[in-house]
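Chain nomenclature is as follows: A, B, C and D, assigned in order of appearance, with residue numbering initiated at 1 for each chain independently.
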């Protein structure tokens, strides 16, 4: 037993607290609004030991790097190694993005966070008629292995950790395969590669949804194929990053964000176990991608609660033993949806404290949004400013001096427990629905997220949720002085290259490659095993997608 | 009884963000109008659906930056078919400098990030 | 170098404001760098500064100015030195002095300007080099 | 409970001491890698924290803090001429500022009129307002609701005269003294310690301060007659714990002097307020405020026997750290200011000033000032941190740090006491050397990269950003001098003479100086004329230079 306060003490504090509460009233003299977190949890005017009375230090907090990992996944956290500063970069043709990568690395970024354009994410080639207006937008365009070669030209793959924001399995299965194939061509063994690919089936079926995507089961299978492949061949690569960030951007609440990523990870783990892998072989490499939203303390509590829940899930459901399987590791990106197009420099202040909450919550890496994000793709200035925010947090604020600096705070501990409780309830509910894949097929997840998104918007419009510059402190005569980013010409560059490649490559090799993929689908084999080889023939992403959709069919998500 | 206003909502091209379009679609439906939610489409398909479904308004959404290419195309295709009574509106991440260009191309109204649902609904229902 | 007289430097804080943090830090850094530092303190008029410089037989005068009065004070100090027929005392400056004014100050004979954020080791190195 | 010692820190390169320094805060405390229950071993909730709005106020001085009423957003509203400043203040109010600070120009700060030879080239300097006569004060405050908006005069040695002018203008506007809001910085002790805008020796200055204190406690119950300022100590180089300890010791000195002058402690203690700096070290900063509240309330209650709970409350205004801002890549400063502002809010400040991001090299533009204001509004309205009081309360780190801040402060109190109290310590040069030591150590740490300022000594870019100053406008100076000459010509010289000799008389005696000052300023006697009379009698203070 390591209760924090003995019963007599708690009793006395509770008695005093009650008296205080009575003489204070609700605590909203000036306005009678309710005090709730962004996710709707009611907040007390003051928190005291009374609110953490049930807590047992060793059981509920423990030491950093030890179960239940609430205080952090490493014993010394940022004292030994600061969080990785990742800045998203990607736009236009690969040669342009390659320049931006090099700029960020030379300015002190410690990893690459590559994003891909919409056609690539969807599995289309740049020359596809559907792609013509979106080529090079939102990320870099990748069609063949040649593009991947150009993208990482001159960047030491064995040293730099790369995060491939492939989003959906349909994109990941090809793009990650290209990354691996490119590494091999450069003589870098796969077991030397460090990085992460996003590869989340909910991205395809619930988030970045379009008509005619792969059905949930198929998308989920592709995602699991990559996990299995990496477990066997690229043990230092994180083959999946559960995209809580995007769930949250789409509208869900903090507890839903955590519950959905964990439910997703449970489903993947069950599948891996079914495929005969040991939990401690793959679980250490499951990683999470979370959203740094605007409720400062709720976010901190969210990260802490996620660690506690994950520990219990892996321990109890999967009997994991490796501490790395039990520790919830995550990357944070500050919330894009919380940024405003109005008075864009205000976004620096927002992102600053969003990132601070991630650091206080024990994130492993942090991306800070560019302040012009709500207006355009980040310019060079805004990307550097965002990187500097990260550096200032690490080097000037000295919040990295001690581990879990908020540990013990009555409010933070109470909120952590409250979020844990809500997350567990949602997990139970999804168990009842037959797991997350089923919950997706029936549209349950879509409904939850759309409800929350609608409520969020309504809260802004009724003023219940103030947003400076939007529903309060507006400027009518605002001029937007910031310089906007222009996407460089992409479609023509890609078209030219693709034409040349198609002329030069061997048609019979391409045929063979596509047949192999098709056969693998029929035999229910691991597709990544095949595609890593296939891409060497310079088969395009679009061609691979065509085979997969042909084999698995398409699905229209019940979005609205 | 007056026929309800019919609106088709589509995300232009390949843009992945559905939050805005779904929230707007709901608000329009809640205001008593009929909504056909298309998801991602290219201009040809959007116009085709709009004609088949006999809608009054086409609501386009994009955050990817493809608005200057695709939104005017929707208007142009409508005009080519001789249709002038379908209102085309656009929402999403739209740099302020582009708004005049879009309006000149026939987009009736542009609702940038941070626009209120109330304003959009009022505009669509024609009471603005 | 043994036996050589230590460099004598006068550090002064002219003008009305009391922000002497920079002047003091520089004074101490120069002292630690082996110079003889005379710190004239706050609110010195140009005449007082020049008189002290003569009395103390210094080789350089460092003026710290944060009030924006640099365009008034430097010319006064320079012309007083001239009036007294002194040409071998180096005058240098620090504080919030915009770069656009450096040219004007240097044209009347001011040696170097050290803006906020300057490294004190650079200041010492400069003085050793020039004197 | 067994606490694993994680102090096996990684060693970087050859400079081993670098690593240890990294784990110290700005006050030099050693920071452990983990804090747990064992770090607050004798912790007693009721005695150490209590409930918000209750003794010892560690968690906050009001019961519901920002749930009931947000902190006052107080931005600087001064600019050159009094009427320009007036326009600026109105703009700030319109943008949502609920309080305004007014800075004075260097001549006014030094008690000189614009036409004084010493003032040449500095009239309107440092973005301050030039105040010579009642006319200027009238222009400055024209049309402002002095009973609603809270005005903070950044005025010190010359405060009795500024207060007299303020009282006179309020009278002209028909606002009863009892309704006057606002603050006079009027903290002379920190002038000798750090800011150095003093003219008289400490003891006569203290007498003037006590006169204003008495006048306000008798006539202006809503006005804060002294804002005891740590900000300047910190700017001059004091570490956060020195800022804390020296400021509180100054506060106790005003209490003692007030009591010595025959005032009852409860008649003026409730109106004493404080002014802190929000440092870059996030948690250290929060602990500083919490320790301050606890020390203040305990001492005022136990040592000075104050009975009114309002006397026990440590009320504080905060400004983000201007000196932490970099001229390189100025957009980064928005981030610095935001984090510092957030720490002040989590620490429970009563009002807050956020610096403009371009301040390190230029005159803040209306746009940069607006952005600074917005950072506060975003914290207040979006971040949700106002939902509960003292959200960090109970955190092992924060509580341990608060305790350490407190105990180190008591060591400083003892040291000051051994020197014979604050005024003697000033006379003996104690503060000068303590602060100079800290300032020098800080500079050394920057140069040896033991402390990092992004853009200054790490991630340095070649970006050239020239300093822009609020340069005194020579035309404005000419105009101001001409106006003053005209004013001096057009007044009744006999009345002026009588007033000045009354001032002389009261200064030589022991009566409260305020009534004759009010009369004098109404008769268009200037600030410089009054201060010169005082200089004549009190003499001028010159500090011994210690560096």
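Things worth noting here:
We take it that a residue touches a chain if its C-beta (ideal position, glycine included) is under 8 Å from a C-beta of that chain, and two chains touch if they have at least 3 such contacts.
Predicted model, so just to flag it, every value in this text is computed and none were measured.
Among the other chains, the CA centroid farthest from that of subunit D is the one of B.
Chain centres here are Cα averages; for subunit C and subunit D they lie 30 Å apart. If you average the CA atoms of subunit B and of subunit D, the two centres end up 55 Å from each other. In terms of their C-alpha centroids, the spacing between subunit A and subunit B amounts to 30 Å. Spacing of subunit B relative to subunit C, judged by their CA centroids, is 68 angstrom.
Of all residues in subunit C, none touches 2 or more other chains.
Multi-chain contact residues, meaning those touching two or more other chains, occur in subunit A at positions 467, 469. Chain contacts here run in a simple line, from one end chain through to the other with no loop closing.
Listed by chain label, the pairs that touch are A-B, A-D, C-D. Put simply, subunit A touches subunit B in their complex at residues 118-119, 121-122, 124, 129-134, 137-138, 167, 207-211, 249-251, 337, 340-342, 374-377, 450, 453-454, 457-458, 460-461, 467, 469-471, 480, 484, 487, 556-557, 559-560. Within the complex formed with subunit A, the subunit B residues making contact are 9, 11-19, 22-23, 25-27, 35, 37-42, 64-66, 69-70, 93, 95-97, 112-114, 116-118. Within the complex formed with subunit D, the subunit C residues making contact are 15-21, 24-25, 27-29, 31, 37, 39-43, 45, 67-69, 71-73, 96-100, 115-117, 119-121. Note for the complex: subunit A touches subunit D at residues 2, 4-5, 9, 12-13, 16-17, 20, 23-24, 27-30, 35-38, 43-49, 52, 57-58, 63-64, 71, 75-77, 79-80, 107-108, 294-298, 338, 343, 345-346, 348-353, 356, 371, 381, 384-385, 388-389, 391-393, 395-399, 401-413, 466-469, 472-473, 475, 481. Listed in rising order, the residues of subunit D touching subunit C in the complex are 106-107, 109-110, 112, 118-122, 125-126, 191, 194-197, 235-237, 326-328, 360, 436, 439-440, 443, 447, 456, 464, 466-472, 542-543, 545, 547.
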